[in-house]
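This is the structure I want to talk about, given as structure tokens.
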Amino acid sequence: MNSLSRSRMRAASAVLHGAVVMAMGLCWTVPAFAADVIRVVSPFQTTTLDPMRSAAAGNIETYGQLYSRLLRRDAETGALEPGLAEKWDISPDGKTYTFHLRDAQFSDGSPITAADVAFSLERIRTDKKSAYPAPLGAVEAVSAADAKTVVVTLKSAFAPFLGNAEIWNMGIVSKADVDKRGEEAFASVPVTSGPYEVKQWKPNEKLVLEPNPHYWRKGYPKSDATVELIEIASPETRIAMLKAGEIDVVRAVPWAQVDDLKTVETVDMRLEPSTTIYMTLLNHKREPFSNLKARQAAGMAIDNKAMAKAITRGYAEPANTTLPGSVDFHDKDYPGISYEPAKAKELLAESGMAGREVKILATADALSQQMALLIQAQWQAIGLKPSIVNVDGGAWWDATGKGDYDAAANWWYNETPDPDLAVRWAVCGTCGSNSYNTFYENPKVDALVEQGTREADPAKRAEIYKEIQRITTEEVAQIPLYYAPNAVAYSRRLQGLRLTPSLQWTLEETSIGQ
Amino acid sequence: MTGLENGKPPLLDVRDLSVTFGAFAAVKNVSFTLQPGEILGIVGESGSGKSVTCRAVMRLLAAGASAQGSVALDGRDLLALGEDELCAIRGRDIGMIFQNPASHLDPLRRIGQQVAAPMIRHLGISKREGWQRAVRLLDDVGIREPEKRARSYPHEFSGGMKQRAMIAYAIGCQPKLLIADEPTTALDVTVQARILQLLKELNRKTGLAMILISHDLGVVADICSRVVVMRGGEVVEQGPIDEVINRPSHPYTKLLIDSQPGRRTYGTTATAGGSAPLLDIARLSVTFGAGRSLLGGIGGDHSFRALDGIDLTINAGETVGIVGESGSGKSTLARSIVRLNTPSGGTIRVDGQDVGTLAGDALTAFRRRVQMVFQNPYDSLNPRLTIAEAVAEPIWRHGLADRQTARKQADALLETVELPRSLRDRKPRQLSGGQCQRVGLARALALKPQLLIADEITSALDVTTQAQILELLVRLQRERALTLLYISHDLSVVSSLCQRVYVFKAGRIVEQGVASEVLTTPQNPYTQALVASLARLPTERTAPHSQSVSHHAT
Amino acid sequence: MIDTPVLAQAMPSFRKPMPTMLVALAILGGWLALALAAPVIAPYDPDAIDIMNMLSPPSALHWFGTDQVGRDVFSRVLFASRVDLLLCVAGVLPPLLIGTTIGLLSGYFGGVVDNVFMRIYDLTVAFPFFVLVLAIVGVLGPGLLNFILALTLVGWVSYARLVRAQVLTIRESEYIQAAKCLGYRPVAILGHHVLPNAIGPVIAYAVSDAVLVMLAGASFGFLGMGAQPPLAEWGVMIADGQAFVQQAWWICLFPGLAAISLGLGFALLGDGLGQIQRRGVTA
Amino acid sequence: MPLLQLISRRLLQLIGVLAGISLVTFLLVHMAPGDPARLLAGERASAESIAAIRAQYGLDLPLWRQFLTYIANLVSGDIGLSLRFQRPVIQLIEQFMWPTLFLTGYVLCLAVPPTVALAILGARRPGGIGDQIIRLVGIAGLTIPVFWLGIMMSRFFGVSLGWFPVSGYGTGFTGHLHHLFLPAVSTAIWLVPVLTQSLRAALIEKTTADFVTAARAQGATERQIFWQTMLPNAVLPTLNLLGVMVAFMIGGAVIVETVYAVPGLGTLMVNALLGRDYYVVQGLTLVFAVSTVLITLAVDLLTAFIDPRVRF
């Protein structure tokens, strides 16, 4: 009796039909193809454009593009070359460096003077808020002799100084602009001295750069394309966008996807050299890992060859010392910690730490989970009681900083081939990093670290650093796992783009192909 | 019995109409006729099929029902018509009004729009023209300021005004026939009389034929010329109203007539009155705060005075009645006595004890002496408990006995209220209204009270069940020397049951005295209106209703 | 998760509740059996890592294939059913108990208790549920226990609202007036008369709420704040699997299907109960 | 006048709610482990530089002092600067709110038409075959975890079939529609069943309502009855449900935006929480709260417009 009439049913189905057609019609629109944009995607966020304020991943890549340094590295060989400084001379005692600047201008056309250089370096060295003053630790003073010459005096001979002067936070900023605008200077569109300047910054989404017309290297950047540094958190989405042609470069490609991407003809999947080392931090401040034998047992329980092969599909080589594999003076022929689970079990029993609870920290990403699970299984095999605790990035640093953990697998890299910053960060107890939050401290090692910088002769430096690696690996400051190359996938339409070991994009060398 | 004897073809000729819902036969071959301008009454208790019959005529039955037989309106069989022809006839030739006007008006649209809709649809007039006619119609059915009222929404109308709007809605297109399904049951007695008066005038002025369905024989007798008595889906008797009332042939009709309130007296005799009154209420007043508005009641005093200075006494063993329309405060009085709400002035004394000051054991002791039976049979029993548990609970809660003996005492009580033993373990939902009310009585008697308050206990029941319950009440009063306070809106029941009666209006006592005197010679004008609007059976009609009932509704 | 009791009202009427109830009980019974018998049925130890054949597709050896560290997905799905069932029960019971008590008190007695509750209710309604639980778990630290605690802190409000609404209507009914008139103490009235009549729709809502609790648990696992490794839980398995979904779709697919089937069981049970509840009350 | 009273009461309530929420969020976020200054400066930062950054942003002041300054700024309409980007939180929210609003609108456009159609189909013959199927599909739709659905759809529809992009917001209107199609469908699949159940139940209840019988008794045709009487009355409860759903979706977009990398308020919230960017988290929570209360108010006003009884 109350059945609704036919016409209404037709109206309802028409609406449904319309929605479906609209949806289907959508998928034929091809994504807007922008020839003249280079889109680089990475998981890390750009949070500031002021080289002094941060040394976090995501910012260091941006500094390299915005600010030139006194020296620069050759894109291919990585060798040091003149940058803003045409030439420099070093005093016989190695304590005074005099740099002669070339004629160059900031992005707003104002000349780059020695005062700017002095201001920029002193700012990094002395300002309380400077995030990473360590590379200029040995500097006494920086002064402008005249408009074109800068004199740097060191407290003592410091071999790695030239290398340190090329690091991304040593970029030269315009003193006039910072004095005028203060904090504002770096808020949205800073005055830059590097190959690019900022076109638009949408925080937490993307940073758009365009070539700096006043760049001192004539003819560079090779392509006049704008560059978009896009932030995408999830790895799968990054890979999917690359395959769909929505982006050109993807960094930190998950190991499981490397083989798959090699088969895609529009993608150039490369494994570029890096100074990255994956290792397991051990907390020396509390039991069980305050005990040397327990640490050695834990080290011997880990089969880092098998782990390297399983996790990175064999693209990474097992690590043998506590320092990155591609750092100068790395001891190639040191045997490393051998994998002997049986001996490890005995050693652990001897140490009295058998059956102890071990709190392993891990973040939510797939790689960290995999490492934590494998370490947990191998330590369980020798008699420890490991449990995994998931934390996010902020809580990870908070817990390791306070020593509220027992073990945590992670990676770190060194900005320069020179090993000085590496040892200061990883194994030096008194250099402010507590040996990367492991609280390992060996006065002998600390002394060797200082000695390493004063020694000019490379052969003698090699001996010192080999000795440091032997001691710290024997005392298991950290358990070295593997040296991983940088897995970066490029769209084949780009030429000349690389990610250097110190995590800088060679964007100015890049040109867009067919 | 066909209506052909007086020559004119019948307006409506229903022959062997039966309606089945799946297997259940709700109406079994009902036949009757209706002449133009005639008012036919269909009377029967709930479940007799009277309402289904009329809905079958209008083809408004639920999806699952199927109707057979023939329903000829001016010779056209409505059952055979197609959807479109039926829509043309409904509202045009036949109008219909319903019992509960509140839910039969679309809450979202103005009254004027709804009343105008059938006229615009059937008579093809413009919206403006429809609106004007609607306003005139509202005036015809006795609604004051029709222009303003047409623009308001249903929820802004009183019960009586909603029914008048329904009538305007139904007679917009001057239909030949108006079906009224229990039009006055949900209304107060005085409002009911005015609506019946309106229907009579419409019939007189426009010759509108009507079918009036009701369970109240008094209402049917008052307005209809012929009556059909239905029971269990069948017509047990039909004929001119006087014939059926005075010389009923079918036994059920006799029972129906005898059960009418006021037809019989229950002979309650006042037992020897004690010196001090059992219940003594002095200057009692109760006010309800109408809820704090947002700004903390700054906007004037919102409180509502339910009772305004009541003086009332009841002696032990006496049966006192309280009568009044809804909202007159009679229920508030009952609840104040059993301390369900706290009075704002005056005192209530039981055996000299001020009820308000009682607490702890004294309060529980008081609870045992005064008990109450409620209006809605199903709602006054906990749906989750069986009736045996419900009656036994007060006994073991007060520690009068342990659980086993409490159950035995409960069984005895169920027997005293004439409930078969087989029902002991049933849930309230599985019993009839009358049976539930008996359980309510048994529960109230479980604590052996002295004073029993009956708050409208029969208004939700059928006439025949009502009579049985009242008989039971009187027997229990005699056997257990109970003092009874009977509250009802039905003056005839109160006057036939009680010795003394108080008449309540808007929280005040307007008249009190011996029941029989109040009924025959009411002093107060309000009581007179109340007595006048009592629809009584023809034989007792002493004087025709001469006074003209006020034309406009409140 | 939807925190309003609207979901229970949204469950429609369905003439014959029996089929849905049977299907629901079959599914839930099935999962309960699987969860209890997991140690016996599971072909492998759910946490046994096998570095050699990671990410291997479903095969005779591993019916659901292996995950990113070589664990057998089929065994993990079985063992995860224990965690997720526990999650459903533990995630619903505490809010139910707390909410019902507060709802009863504020509904029956009104006054201060009711005002305080209503203010809290206004606060939580406007609060984005997800952010609140995210922040609480952020403070307490991830883990199933903290998640359940956070859920209880947030979830009780919707139960309290549902119970309060029921009690407000029951309080006015005549059998409660009669109980007061018969001199029963308030505790007796609440326990014996009000609660049994108010609890029906709450149970139906609780069961359908279990579906949402499980989904919330899985979602939080997905955000890395739910169950801690190496404990197997469907949400965490899906989250871990997402990184390898291109090559190893099976790591995500099977836990998802398992979650849906358990969710279906609860939803149908909730629907059936709602049915009986509605038909039971109306005479 | 009464409508004004409704609005004024709701705004009064809003102020109370915002005060409560900002206190609760402030405490919760500040008590979470992890230090924004450390995250900002990076792992190599020295202890002094971190302390200096904390001092610069006043993070080293006692909590109650920080809260007082925060409330003082809030009252003057400034919800603070993002610790990470040194930009006003308002600017960030404006940048990120459009995708979320677009997605919410998109979901509504995708969800409402099928809901009406399915509800009518279901209500025509309650208990019929079509009705059962719709109901059971509805229950199934309810139990599918949104994030699992997201992953599976982006895997099959996005990458392998390439019909739709799996991420981002796109440029231009068609770009938005194209990019947000998968996220919108994933949410709609979960939303349609709930709305359909509610509308269907209301429609069925209305078919037997007294005023429908009365309208039929006055000769109205079935079509008139449906569109003029049944639908307006049936739409009220569903409207209320829709209001709750939209408010929840804006807050609960976290999952869909994370799976599909949509740069919306949900993503901003997750990043802000991970980066311990206190003022962004608090600002966003206030925005969610305000939008929830405003949406509920809008729904109430619409209901009052339709139903005269509500205009008390």
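By letter and in written order, the chains are A, B, C and D; residue numbering begins at 1 in each of them.
In this section, a residue touches a chain if its C-beta (ideal position, glycine included) is under 8 Å from a C-beta of that chain, and two chains touch if they have at least 3 such contacts.
These figures come from a predicted structure and were not determined experimentally.
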Contact-pair count is greater, between C-D and B-C, for C-D
Looking at Cα centroids only, farthest away from chain C lies chain B
By Cα-centroid distance to the whole-protein Cα centroid, the innermost chain is D
Distance in whole angstrom between the CA centres of chain B and chain C is 48
Chain C to chain D, mean C-alpha position gap in Å, rounds to 22
In whole angstrom, the CA-centroid distance of chain A from chain B equals 86
Between the Cα centroids of chain B and chain D the separation in whole angstrom comes to 50
Residues in chain D with touches to at least two other chains are numbered 32-33, 159, 222, 258-259, 273
Touching at least 2 other chains, the residues of chain C are 138, 141, 223, 239, 242, 245-246
So, in the complex, the side of chain C touching chain B is made of residues 173-175, 177-184, 188, 192-193, 196-197, 281, 283
Per the touch rule above, chain B residues touching chain C in the complex are 335, 338, 340, 363-364, 367-368, 371-372, 374-376, 378-384, 393-394, 397-398, 429, 440, 443, 447
Chain C contacts chain A in the complex at 47, 49, 51-52, 54-55, 68-70, 138, 141-142, 223-225, 228-230, 239-240, 242-248
Listed in rising order, chain C residues that touch chain D in their complex are 2, 4, 6-7, 9-15, 119, 122-123, 125-132, 134-136, 138-139, 141, 211, 215, 218-219, 222-223, 235, 238-239, 241-242, 245-246, 249, 252-253, 255-256, 259-260, 263-264, 266-268, 271
Chain B contacts chain D in the complex at 58, 60, 62, 83-84, 87-92, 95-96, 98, 100, 103-108, 117-118, 121-122, 153, 155, 166, 169-170, 294
